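Both complexes below contain chain A, partnered by chain B and then by chain C.
And then the complex of A and B:
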């Protein structure tokens, strides 16, 4: 397991990276590391492993709540757009020249809300979808062009068939020797020190 | 685990049939799916298909150019058949797209795990179909250089679009649909693009897929938000797909024309769209799984499931045809009755009966398991459906040729430009699809691995595999 390389040097680098072969192993390892009280650590898996969130103690994301408000914004903007462009009759409008164009179609009221529903629905979905993807990426800190883990050759298999657990050096509880021995008790295939 | 043959042909409601055949580990799944993109050269058939479709796509663009410099007179459209081929093609293509969203969003919400093998390229199909669909209304407006008038953009005329028109709803519905489908497709692809990045053998591939993968590391904290976002997108796309084809049907149903002004249109159009879209998925899946050797992932059971949906939605469409006739008679409205009698026995009766055969009669073969599982029969039926669904829209649009004023009645005949544009749009669609299956992950690898029995943390590793998983053939 290359213990000499792991204990050489003084820098802790980015952290310790342990490699596992099956979802069950990473699950057990995640429980152990979580119970040991680490904060700045993560599991890296080729697919979302069912139950790993719970084992890691990941809190539910606030994303759906924010998306709900973006949806509300979408529906309001959809309404305002149609009201402003087709029914607004305020002469001294803030924009001056950009005021509504009042179509009189088959004697229907200017404010024909039922006919506006399709567009309001579409703007709701559009805003919510853009918010979902945008906020998911922002919360995940993506896109990013570089990550210290990409330096590890073994880590390339994380998108294929291997499961990794990394304890970062910035964790307050991180201690190279202690963390290493914790990881060694979990029977990983390999452990390596990732440069920062 | 050593490779044991896996069987998914059994019918036992007490057991889940395995979704992946002949693969007992994640490594071989990755390798087999990546091979399509990583092999230095695609199969010869790919080159031939690409050459043909690229030629047709170029023809499409040349004809659009010809249209711009000449005018819409080069089409067969005339008064009163103002809509003609462009709108038929628009509705046809937008309908094709709907099965992609259905597979990716609705089947996802219903926890139909078999969707994982086919969702990626059904979604790709959606995007490319919407690209083709979006082209037609734009070029159909005639003065294409003022097409931006469709959008609410402040202008010097102080003029705004008219939001009470279904044609404007279409602008919003189709553009939203395209955007959301693209996001859904791309978000689903991020983990697989990261796989391509990590396996890249050349610098170019590493850079391109690296940029596209957005720095994905498979972090579980990321997966958590990613899965939630994916679920939200599915929940948003589901009502969206129903709304889009409903809005497309409003283009017809809101008009006060006999044969169009009908409340059955939204559900009937949605069912027809799913029907036609699934037929197109099978049309593309059968050669792709052959060409790329994906038979272990897109199994016969997957095709059979799709054929069952084709049978179901085809029957809904058949019911709608009957119901339309019944209402035309039962309403006692003379013009409505005339429009339908004219459809079945008028000058375009051949199109009506062709549609009826292709959409209602041909899929009935799928009542039999033997036919659902036979590639030639399946291909015959889905080709019928592709033709039939195009003719369904043709029959609806062409009922314009007999309007309220008999003196203006005429016979709609397409010109060569009409026909070549239809063929050209198919070329564009196929060309984009061929590029996709060569350069992007054609099956959602991360999702597929997650539905394999080995992915369950309670059955892999130190625990024994419980009965029912990895059923062996005896």
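And then the complex of A and C:
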């Protein structure tokens, strides 16, 4: 461990990066860092580690609730679209004045809900699916082409066989000496200070 | 993290098995006995047949759902579901004695009295000189001869009996030996039985339920019953898990994770897939508006059946869909069990709605158009078979009681979970998230 490099300089950089060898170690480390009260920190693993969210104290996402309302919006818009294009003879503004048209199809009533349900179902699925993917990207801060952790040479092994925990310098509790000694108690195979 | 199979307490029904056997047996004998008595004293034989058929199909579909679930776990080599599999295997074994429960209907058809239940069993419809002659039905006569029909029924029960005996027998044998070769054997035969399952399940409901109106047909019917079967089975699974856990059994092995997955399957197959198939069938017939197809739905949109159809739409789909879409309701054991209990009731209503409605032949004969038929039905005040009868209840209690008694007896002789299964510890430690 390059302790001299860690204590040299005055800048805290991006934060402190600790490297672990096994899922069990990072679980223990995550629990300890969470218990110490840090908020701006994260774990990086080569594959999903079951129970890590719980150990980190990550709060459940509100994504499902938002997706539900996007689905409701999809079903309503699917209905309105068909009502306007098949059963309404009113004028509306849609980048210019457009007029709805009443179509008589095989003697069915103008408002033929059974025939509309497939389209309403599809718009519900479409809106929910796009909302799920889109909001997931937004909540994750993606797309993001650069991250300070890419500066670390050791961090490249996160896609192979190493588990990393980073405490960011912007965390209010971050104190280079105290945070370093906390990480050291967790027996990582390396700790480094990542430049911002 | 990992729990070795050796540390799992071997839960059994124990003292509950004889009590359930006795209680179910009393209900069964009382229900079936009073049904026959009411049928004989009240002269309501034809009603008894319909009530019996509805109750029989209800118990049958729950068991068929259980067979499918067991087969699909082996085909996918599933680990999470191992602790639920014994219940499923035991419920599926009901398919063996249900062959006996079907015998009265088969005997009736073989004796030439089948027209009390099935219009196609009336020989005069094939007689060109008779006033009941139906030329369209003569084209289907090859399929609907009593002998061929009965041979098919025997074939279905033979397949189901073989499958359930193999699955239950191998699984129980593995309890004692812990030998992985039992798992391999179940995995080898499951795809074969799954193909046969699709064939027999579809043909069975066509033979026994769809043929109640022999001129009507729907290619969705088999899939519709498949979805309905799974609704019945997953409801029974959720309710019985909850009851067994409340009695202190399966405490450490079945967790919220298993409830959530059983709830997902009930939601996915029993509520959403059922509605998807039911709507697909309805929309195609509604849109095409071909007289030979629409009659089936017209029957179900008149009189009391209108309310039952609406009840199925809201009670079998809309309300449970909203209730069960959330992860939180699926993980709350008691809440899931109550919703599952409601879905089981809805499944019976669904079967009732498929079996019971019928247009009297004389009204059908004197009408040339559906408009005339609807008018004559409304003028005559005919209830189209919508008159809930005490026989519906006694038959349901009777066959349901027998099902509980015999399931408890089967389950009483072995552990409540397959303790010899190599994937048991994977199942116990399973987590959704």
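Note that the second predicted complex is superposed on the first by the 189 of 196 C-alpha atoms of A that agree within 3 Å, B and C clash if a C-alpha of one lies under 4 Å from a C-alpha of the other, contacts with A are read in each partner's own complex, and residues count from 1 in each chain.
The rule is short, and it goes like this: a residue touches a chain if its C-beta (ideal position, glycine included) is under 8 Å from a C-beta of that chain, and two chains touch if they have at least 3 such contacts.
Note that the structure is predicted; figures quoted are calculated from it, not measured.
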Original post:
Should A:116 be classified as contacting the first partner (chain B), the second (chain C), both, or neither?
Top reply: first
Original post:
Does the superposition put A:149 against chain B (first), chain C (second), both, or neither?
Top reply: first
**OP:** For A:132, decide between first (touching chain B), second (touching chain C), both and neither.
**Re:** first
Original post:
Where does A:82 make contact in the superposed view: on chain B (first), on chain C (second), on both, or on neither?
Top reply: first
Subject >> First (chain B), second (chain C), both or neither touched by A:66 >> reply: neither
Original post:
For A:32, is the partner it touches chain B (first), chain C (second), both, or none of the two (neither)?
Top reply: neither
Subject >> On chain A, the residue positions that both chain B and chain C contact, one per complex >> reply: 50-51, 53, 64, 115, 118
Original post:
In the complex of these two chains, what residues of chain C are touching chain A?
Top reply: 279, 282-283, 286-287, 289, 325-327, 431, 433
Original post:
What part of chain B is in contact with chain A in the complex they form?
Top reply: 25-27, 30, 152, 154, 158-164, 166, 168-169, 172-173, 176, 179-180, 183-184, 187, 191, 194-195, 197-199, 210-211, 214-229, 232-233, 236-237, 239-240, 243, 247, 250, 445-447, 449-450, 454-463
Subject >> Contacting residues of chain A [partner chain B, same complex] >> reply: 21-27, 30, 42-53, 56, 58, 60-61, 63-64, 67, 81-82, 85-86, 97-101, 103, 105, 108, 112, 115-116, 118-119, 121-123, 125-126, 128-130, 132-133, 135-137, 139-140, 142-147, 149-150, 156-161, 164
Original post:
Given the complex with chain C, which residues does chain A contribute to the contact?
Top reply: 50-51, 53, 64, 68, 106, 114-115, 117-118
